[in-house]
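Just below sit the structures, each encoded as structure tokens.
Across the two complexes that follow, subunit A remains constant while its partner is subunit B and subsequently subunit C.
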Partner chain A sequence: MNLKNKLLSSYLAFEDHLEEDSPIHDLKSKAIKIFETEGFPTRKQEEWKYTSLNSLLKADYSLAPRQENSLEVKDVRKFFLHDIDTYKIVFVDGVYSSFLSETTHDKIDVCLLSAALSKPKYRPVIETYFNKVAKEDSLTSLNTAFAREGAYIYIPKHREVEKPIEVINFSTGNEAALMLQPRNLIIVGENAHVQIIERHQSLSKNAVLTNSVTEIFAEKRAFVDYYKIQNDEVTASLIDNTYIAQEDQSNCRVHTFSFGGNMTRNNLNFYQNGERCDSTLKGITILEGKQHVDHNTLVHHIEPNCESHQDYKGIFGDASTGVFNGKVIVEKEAQKTDAFQQNNNILIDDKATINAKPQLEIFADDVKCSHGCTIGQLNEEAMFYLRTRGIPEKEAQALLMYAFANNVLESVKIPELKKRINKLIATKIGVSMGFDL
Partner chain B sequence: MLQIKNLHAGVEEKDILKGIDLDVKPGEVHAIMGPNGSGKSTLASVVAGKEEFEIYEGDILLNGEDITELDPEERAHKGVFMSFQYPVEIPGVTVTNFIKTAINESRKAQGLEDMPASEMLKKIKEKADLLEIDRKFLSRSLNEGFSGGEKKRNEIFQMAMMEPKLAILDETDSGLDIDALKIVANGVNKLKSDDNAVIVITHYQRLLDYIIPDFVHVLMDGKIVKSGSKELAYELEKKGYDWIKEEVKA
Partner chain C sequence: MGKFTEDDLKKELETKEYEYGFYTDIDSDTFPAGLNEDIVRAISVKKEEPEWMTEWRLEAFRHWQEMEEPDWANVTYKKPDFQAISYYSAPAKKPKYNSLDEVDPELLDTFNRLGISLEEQKRLAGVAVDIVMDSVSVATTFKETLAEKGIIFCSISEAIREHPELVKKYIGTVVPKRDNFYAALNSAVFSDGSFCYIPKGVRCPMELSTYFRINQAGTGQFERTLVIADEGSYVSYLEGCTAPSRDENQLHAAVVELIALDDAEIKYSTVQNWFPGDKEGKGGVFNFVTKRGLCEKNAKISWTQVETGSAVTWKYPSCVLKGDNSIGEFYSIAVTNNFQQADTGTKMIHLGKNTRSTIISKGISAGRSQNSYRGLVKVSPRAKNARNFSQCDSLLMGNKCGAHTFPYIEAHNKTAQIEHEATTSKIGEDQIFYCNQRGIDTEKAIALIVNGFSKEVLNKLPMEFAVEAQKLLEISLEGSVG
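Showing the complex of A and B:
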């Protein structure tokens, strides 16, 4: 049975567990119909021209793990930002691990989506926000139909969360192949501040396919600082669908660090529903082997006087492939928009590939929009300069790659995380420098 | 120290250096002057090991050892240093971290341990003072947003830190005002000893008022057409290069 049919038939069994009058029951029924009609995306669709899911869909994925799996703290500690105190929402094979988590209901809610979906006191919030910004495309709908667990974060107005929140999805490899569909809902109230780190981490070489959906609502003057760390095993694939709705003067920043995994697709969507919003999308991608990362971004400027800043750097080694598809839409009403998009790529090896496609659709006449895209090799003059200073070729290359990616790191606001990413980059590039990279 | 014998080099079948002979002994300062396009910067780059240039004929010897086939970093480890006319910007890597890396990589190549941090710090302080470099400058990204003068001063600071046996200064005076020129020249003079040598490549005589050369060579169309004492530089400043062209023809 192919994966689509398997999903459709298991939905029937899954549906039996849903309460008839649950507010999300209708949503789920509608969502599974969309998936049934559209199926998995294929390369015939423009948005998926350079990324094929074909080989991923062949595995016989388990859709629900047979048993609850526990992990020892010492085995997974390194995947946490352990040098500082954080809130943690941890899932193991899609099941919440209270043992590894550190949640709270003290003034803010950092807990489970399943709790929010089932308890009456959260009903007004769920009815206002759940599935309200997510697109109704096939993969998001698939997630909507199946999702039963994920992070629920609610920050009331004027509240500044004093420590970062980590959302981590582990997969243990107890199943030969596992499909996960986490669903996160994040609501950041007026003038509230939050920092979130999201990570998907496989602990074995068994295949994992994650189809994740995250909805983020930033109310007036809210500040959301979001980091995605993608450094998974080469047998783990991720389709990340993130949707951000911004109100007046809110500021949302998403940094995506893609250093690992088999196939990673980032569908990152920003909707500026208020005036004077600020959106930042930055990424560093460093790939090797046959890894594939596809950044598919959308910034939808709907209201006037907003800004968006995109800066993606990619370094592609071996036969790795990258895609950058950055779409900026400026509606007629969105005058005085300032939209900036930058995408720079370095191909280290002859077999590495990048497909870059900036797409600007501008319907307003008084706007400042710019985009730049480069694909190249490391600067030879710079290499010569470093080598005349006694720095060997490989280290000189590393230094230049680091310099190339650096301005994306500058805006990382959590010092411990910045240090961690620096180390990851150094490991990725394969050298230890005479100082902390 | 440095012996260049009948050096022919160029890019893609185009000869730029057409038979250079040069003998630089420890303790000496040599100036290489010449009009634009005569091959001055190519000569500097070829000695430093730039792979873009092909050597068709001849040898480059450093203390008797043929270095023609060595990588730029290997030459650096043996004591060759080149100050760039256009130093490259490296965002995200501070001047201090860069120089630490450079020094420790050279030490590693010589089988030495990393320089202890306290010693490194002391040395950085000392050399920064010598070149009147502000401490704040050292924590800035290498050459990023530096003025022309700051870049050149930073080049000489790196030279001071690396203590090369042979320093080649490629157009170090370009883009410098007179005060910066004096500071840079003063730095070079203080670093000068009986054991090292300096080759100053310049278009103008101005720098040679401060770094006094023992020998002046005139490079034209890829060849050294005239050599002499520092007086030759004054003569060139006054009369230009045309009279030498005439002399060469005759």
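Showing the complex of A and C:
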């Protein structure tokens, strides 16, 4: 039985757990129908031209783990930002782990989506926001149909969250192959500030396929700082669908650090529904082996006087492949838009491949839109300079790569996280030096 | 003089009529509408073609029947009904012309109105012209002068009859019969076109030029151009197009194949001014063209195009950089106005070592038009030290039009160096203010800025053509040029 049919038939069983007439149920029935007609995307679709899911869909995934799995803190401590205090929402094989988590209902809500979906007190919020910005494409719909667990974060007006929130999905490998579909809903009220770190981590060599959907709503003047750390095992694959709706003068920044994983696809969508919004999309991708990372970004400028900044850096070694497919749409009402898109890539080895497609679709005349895309190598003269100063080749190379990616790192606002990423980069490049220069 | 603002320019652009919209009343020999194997055979018979050519056409036709019309381009239009088009139309008087004096005076008048007086060009510009009207080549000038150097420049039907070995060897090698829907259609029904062969080591002493015109109603134009530059030769080739104003959409599906052998250089320039449709977007030519060049070792192909016409343009002049050290260039200005839609760009396929390519594309959109750049830069694993630079700039006038950029970049070799940049903007108020300050009125300022915007490409056109191109650009500039 192929994965699509398996999903469709298991939805019937899953449906029995749902409340009969709830609006959520209607939403899910509609979503599964979309998935049924569209199926998994294929390379014939323009958006998936350079990324094939075929090999991933062959595994016999278990859709729900048979048993509860618990983890020891000491085993997974290294995956947390343990140097500082944070809120934590932790899932193990898709099931909430209260033992590892640290949630709150004190003034802000940092809790579970399952609770928010079932408790009547959250109903108005769910009805206003849930599935309101997510696109109705096949993968997002698949997630909508099955979603029952994930993070629910609600920051009311004028509230500044004092510490970062970590959302971590572990998979233990108790199943030979596991498919996870986490669903996060994040609402940041007027003037509120929040920092969120998201991570998917597999703890074994067993196959994992995660199809995650995150919806973020930034109300007026809200400030959202979101970090995605993708440093998973090479047997784990991730399809991340993130949708961000921004109101007047809100500022949203998403940083994506892709170092690990087998296949990673990031669908990052920004919708600027208000004036004077600011969106930042940045990413560092460092790959080796046969890894594949596909960044598919969309910034939709709908209202005037908004800005967007994109900056993606990629370093590709061995036979890895990178894809950057960035799209900026400027509607005709969105005058005075300032949109910038930058994508720089370095190919280290002969078999590495990069496919880039930075697109602009512009319908307004009074705008400043530009994009730049480069593919090249490390500068030989810079290499030579460093070598003449007695720096070994590997370290010199690492320094240059680090400098290349530094633009993106600079804007990471959590110092401990920055340090952590520096370390990840050093490990990835295979040097033991620190970059705290 | 009153203040000329960008709004005025916009209005003027919208109301500007097509200058070449006249229709010439010449008896013509037109096939009934529709397409089947018999029509394909009939065209072949009409052209007195050998058996192998007829077979080649039929094979293409059979492929075409199995193909579907592409719809990935960023354009919307009513698909043409391929059975409602006549696939062959020729001015009726068929005798061969030895000199221009024998040509139908009315036809000559047409060309005079187009501003390409053969006589004048013959004397002054020294351009050899091959004119294709409703798919049939009507006049080729300077043939004898060229023949002295061993250069063959004639219509493709003549080439099929007289130089079959060359045609047979090269036709369909760069754009295969089944390459795409329109190329297959063209391969089946092409009625004429130009053929050019430059022998080894010869530098063609003059610009070669083809002028295309669709005259008859209800016809499609399907011409085929084949240019072969043998080792170490050089040729500069020009192509121009116009059509009468009609309410219906006319189809133009051409194929151009360039072959640059070792150390050869081909410079191919196009000024395309097919009827773009009227202010309401009615009528106009559908321009679906496949142009591709193949570069062998150290060869160079340079495409320059000025696109101002056509209701719908779908055109990607490409270079296959097969030989080591070969060079591909693409310079383009595309102006769209009213309801025009253009999806144009280039493909640079780097296969050989040390291959280089440059892409400069300028798009100007006004009215309710949509202007897209779509390009591909591909570096194959073998192509060591490939180098590409691309620049795509768009200028928007008003907020009813759109400018789009879809560059595809695929690098499979670590030594590749690829740069791509694109900008979109309007004519800056500060730029106009700066000019005003220095006593340049707004009208002149706009002309200056638009001219400067397109200059990089205009500069690449051969002298003889630059004049005409600039004249065409005036369509967008008229009223603003003092």
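Here is the rule we use: the second predicted complex is superposed on the first by the 433 of 437 C-alpha atoms of A that agree within 3 Å, B and C clash if a C-alpha of one lies under 4 Å from a C-alpha of the other, contacts with A are read in each partner's own complex, and residues count from 1 in each chain.
Quick note on the criterion: a residue touches a chain if its C-beta (ideal position, glycine included) is under 8 Å from a C-beta of that chain, and two chains touch if they have at least 3 such contacts.
Keep in mind it's a predicted model, so treat the numbers as computed, not measured.
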item: Combined model on subunit A where subunit B meets subunit C, clash or fit; value: fit
item: First (subunit B), second (subunit C), both or neither touched by A:Y402; value: first
item: First (subunit B), second (subunit C), both or neither touched by A:K332; value: second
item: Partner chain in contact with A:E381 - subunit B first, subunit C second, else both or neither; value: first
item: Subunit B versus subunit C as contact partner of A:N355, first or second or both or neither; value: second
item: Touched partner set for A:N305, first subunit B, second subunit C, both or neither; value: neither
item: In the superposition, subunit B vs subunit C on subunit A residues touched; value: C
item: First, second, both or neither for A:K368, with subunit B first and subunit C second; value: second
item: Lowest C-alpha to C-alpha distance for subunit C against subunit B (Å); value: 14
item: Touching both subunit C and subunit B, counted on subunit A across the two superposed complexes; value: none
item: For the subunit B and subunit A complex, residues of the former touching the latter; value: 45, 48-52, 71-73, 75-77, 80-82, 84, 86-88, 90-93, 97-98, 100-106, 109, 114, 158, 162
item: Footprint of subunit A on subunit C - complex, ascending; value: 72, 381, 394, 396-426
item: Touching residues (chain side subunit A, partner subunit C) in the complex; value: 46, 332, 335, 345, 347-377
item: In the complex with subunit B, residue positions of subunit A that touch it; value: 379-382, 384-393, 395-396, 399-400, 402-403, 405-407, 409-410, 433-435
